[in-house]
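What follows is a single structure, written as structure tokens, with notes after it.
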Amino acid sequence: MDNFTGQHILSVNQFDRVAVETVFDVADKMQPYANREKRTTVLEGAILGNLFFESSTRTRVSFGTAFNLLGGEVRETTGISSSALAKGESLYDTARVLSGYSDVITMRHPDAGSVAEFSEGSRVPVLNGGDGPNEHPTQALLDLYTIAKERASFGESIDNLHIAMIGDLKYGRTVHSLATMLCLFKNIKLTLISPNELQMPVSICDAITNAGHELIISDQLEGSVEADICYQTRIQQERFSSLQEADKYRGKFRLNQQIYTQHFKSKTVIMHPLPRDSRADANELDNDLNMHPNLAIFRQTDNGVLVRMALFALVLGVAEKISDFDRPVHWYSTKNTANN
Amino acid sequence: MDNFTGQHILSVNQFDRVAVETVFDVADKMQPYANREKRTTVLEGAILGNLFFESSTRTRVSFGTAFNLLGGEVRETTGISSSALAKGESLYDTARVLSGYSDVITMRHPDAGSVAEFSEGSRVPVLNGGDGPNEHPTQALLDLYTIAKERASFGESIDNLHIAMIGDLKYGRTVHSLATMLCLFKNIKLTLISPNELQMPVSICDAITNAGHELIISDQLEGSVEADICYQTRIQQERFSSLQEADKYRGKFRLNQQIYTQHFKSKTVIMHPLPRDSRADANELDNDLNMHPNLAIFRQTDNGVLVRMALFALVLGVAEKISDFDRPVHWYSTKNTANN
Amino acid sequence: MDNFTGQHILSVNQFDRVAVETVFDVADKMQPYANREKRTTVLEGAILGNLFFESSTRTRVSFGTAFNLLGGEVRETTGISSSALAKGESLYDTARVLSGYSDVITMRHPDAGSVAEFSEGSRVPVLNGGDGPNEHPTQALLDLYTIAKERASFGESIDNLHIAMIGDLKYGRTVHSLATMLCLFKNIKLTLISPNELQMPVSICDAITNAGHELIISDQLEGSVEADICYQTRIQQERFSSLQEADKYRGKFRLNQQIYTQHFKSKTVIMHPLPRDSRADANELDNDLNMHPNLAIFRQTDNGVLVRMALFALVLGVAEKISDFDRPVHWYSTKNTANN
């Protein structure tokens, strides 16, 4: 992808290393706006169609916030029963119609492939906000962006990373996408820890080894894992055939302060795609790590706003113009460190 | 209706020919904003209360978009169970309260007459976005506006039109309203094709003939229909007593490339209120016509934004001021032909 | 509370008399904006996270409107099933994440204490929009502000008020909060009229008498109630163990024109937290009083916008700057008396 302007963002496979770095460069420039040090009106008058045919509060609000921070307006729809799809309308028709109402569309839908199908009818760029078990490229980008920033704080880059992925690696869409994107980088070591039944799919493992990366597969967390990043996951109960089936794995591979200290080095950064399941029978990432400086899970969601702002700016062709529309912020914000 | 400022828009019966033409003149001026050639801030600071007590993604988003394109903000509510109506609040009270929160209200509700009742308590103008089987005036206006524009491209006006309406003419609210509005024009010929059980109501047929128009009623599509417009409809399954009852009629009067070529002249424009039911057992308007230049169904929904912008501008008294608040558009838009 | 900037607003107990008067002074300044005499852009670029994990159309839209009137944008979420909370996410995590997306949060939730718990994880100010049976401080403030304004129209202040509260005083959260706030003022007389089973909780009665106020408790409306304010309430059927249990009390203590004339003085102002239940079997406040000049129920909801604007302005530190960002209003508004 040489030029983002007017493009759909549907899959992590669209991105080469240069494209990823372009997104990250633009995301870096978004930080002062997210910090409320200033604001921009570059997209004033533009409309985002934020179409969530499957619920996801976090992702939906993150997209909407990112668009607002660029000065644009957001029109939303949530749920599938309330839409014309329930009256037998094709995704093509829905796309043709709704793309007439906005400048760019973000879409989440429970069916794999649905967002790509929708994009074929759309007259404006479509960003995939998750199509069931298939793709969620902005999550992969925000994860990778977080890794880049956390590594940069140690003077390191994504190259030469050692990452441990833990938990449900079969149904966890985010670990699939992240592993795929890591194939664009050099000399990565992946330690994959999961129950045998929930292992990373073979196709992704093959892609990793074909990229020349080192792969270690295990069904338990043991010894010293010299990882730079520990990427913990939730059992995706909604992807299992039944709750009972999911319950067999909930509560495995918990991470808490004691386990972290035992298995990881002191600079290992902890990530999680969120939400984490904090109920007693799951609790894959314990609250006793909440204050740990290496816990990057909320930096991840903050970075998601920056990455989504960057993608909007790129597909709408305004990435180079944003600061031309800078305005001051007049209210008190805890996010603006100049206030504190 | 001489002066729209501050008025409710509840019924097609409020419109005389001059009022219709006023709306269409203002709608024409909205095209550059919908095309993102420029934007306007005339309603910056104004609030639309977009109250959808019945689901309709398309209509709801279209109203919201239209208001955003004029520079205003949108506050929304969807669904009836979540509202105070479920706690026994009267429509009068709901109207009195919610009209305190906005500058204009658009409302959809499943009950006939509800929007008019609501408007009696409202302190701001109310636009009817559909009250069950009763009225949906903005749909009728966008249909008629589409006919006017399609006809204008052939150098013709609405007068002297021949329109064929096909399918469920009993429950199809849009065909009732459109037929009613056509009574304002001259020398119209209407060919109504439906199962005998789903014929156009007698009261509307009487109005058509009383207007001096020609009426042809048939229960099948046969021979050469020399219509300028073919207005196809969906079986409104949600208005039938049961799904089984609706199923008796689904799939009748399909239109596809072969049937279109057989029965219509080469310049016949195809319209449909949407959503069209594209499931195999219905499929009243086949996808093999999707690329046909005479298929106007997506021009209809685009025109809906223009008509709704026009109505907002008129009831809020800013129709003459819009271009005083023009601003440039800075982002890339496929809608702006200057970009292409 | 000396300084509102950056503070959470969780409980009426945070307010002393000076703080209440500060809110009311700022609310007074909001009137011209609510009347559309002018508008302000002071919060242009700011984002409200309007999180309604329990439905409340009125309160949700009121908060959103208030923020829009200050120039800000609103991102919303409604319902609890659609949120990550349903996947086992803690309120702490939800707060940490969602507070990254906005400048201030308003939140409603069915569980007592939930909003305070949420605020501990939030990185931005949180305003309690109602946490189940517990607190709803903005409702209490708008009630008290209404009393202050109604009294001011007679040249009186809140001090020396005689208020009658009628109906469900056990479950009615608003009467608890209002009675509590009245303890900040001087020489108040409260007449509490309810079925014995639905009396005001003892703890609140104690607070009232400890404040030196006069308390009269009765289980029926009789004789002449020399009240300045008659505060009528709805049976909160959703707080009862069953609908049958609630039904035992619905329809008691109705107020209509005849009862009002019989028991109250001609200047007694009628208030109600709304929604009022207008179904025949409840009808606690009859429609025959709708045109009565002393019926303040819709002035209450209008005042709610002013009070919420004031709280936003205060916690975001812009209360003194609002008029620096004044802009003219260009559209016709029935709210702007200069138009009429």
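Which chain is which? They are A, B and C, in the order written, and residues in each are numbered from 1.
Simple rule for what comes next: a contact is a pair of C-beta atoms (placed from the backbone, for glycine too) under 8 Å apart; a residue touches a chain by one contact, two chains touch by 3 or more.
Quantities reported herein were computed from a predicted structural model and do not represent experimental measurements.
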Exercise. For the two copies subunit B and subunit C, what is the rotation angle that overlays their Cα atoms, in steps of 5 degrees?
Worked result: 120
For this session: Please state whether the interface between subunit A and subunit C is built from the same residues or different ones, using more than half shared residue numbers as the mark of same.
Result: different
Exercise. Using CA atom averages as chain centres, what separation in Å is found between subunit A and subunit C?
Worked result: 39
Problem set entry | For subunit A, residues contacting two or more additional chains | 73
Seminar exercise, completed: Residue positions on subunit B within touch of subunit A in the complex are 36, 39, 41, 55, 57-58, 60-62, 64-65, 68-69, 71, 73-74, 78-79, 234, 237-238, 274-279, 282, 287, 290, 298, 301-302, 305, 327, 329-335
Exercise. Where on subunit C does subunit A make contact in their complex?
Worked result: 5-6, 42-47, 49, 73, 75, 77, 81-84, 87-90, 92-94, 96-98, 100-103, 123-124, 316-318, 321, 325
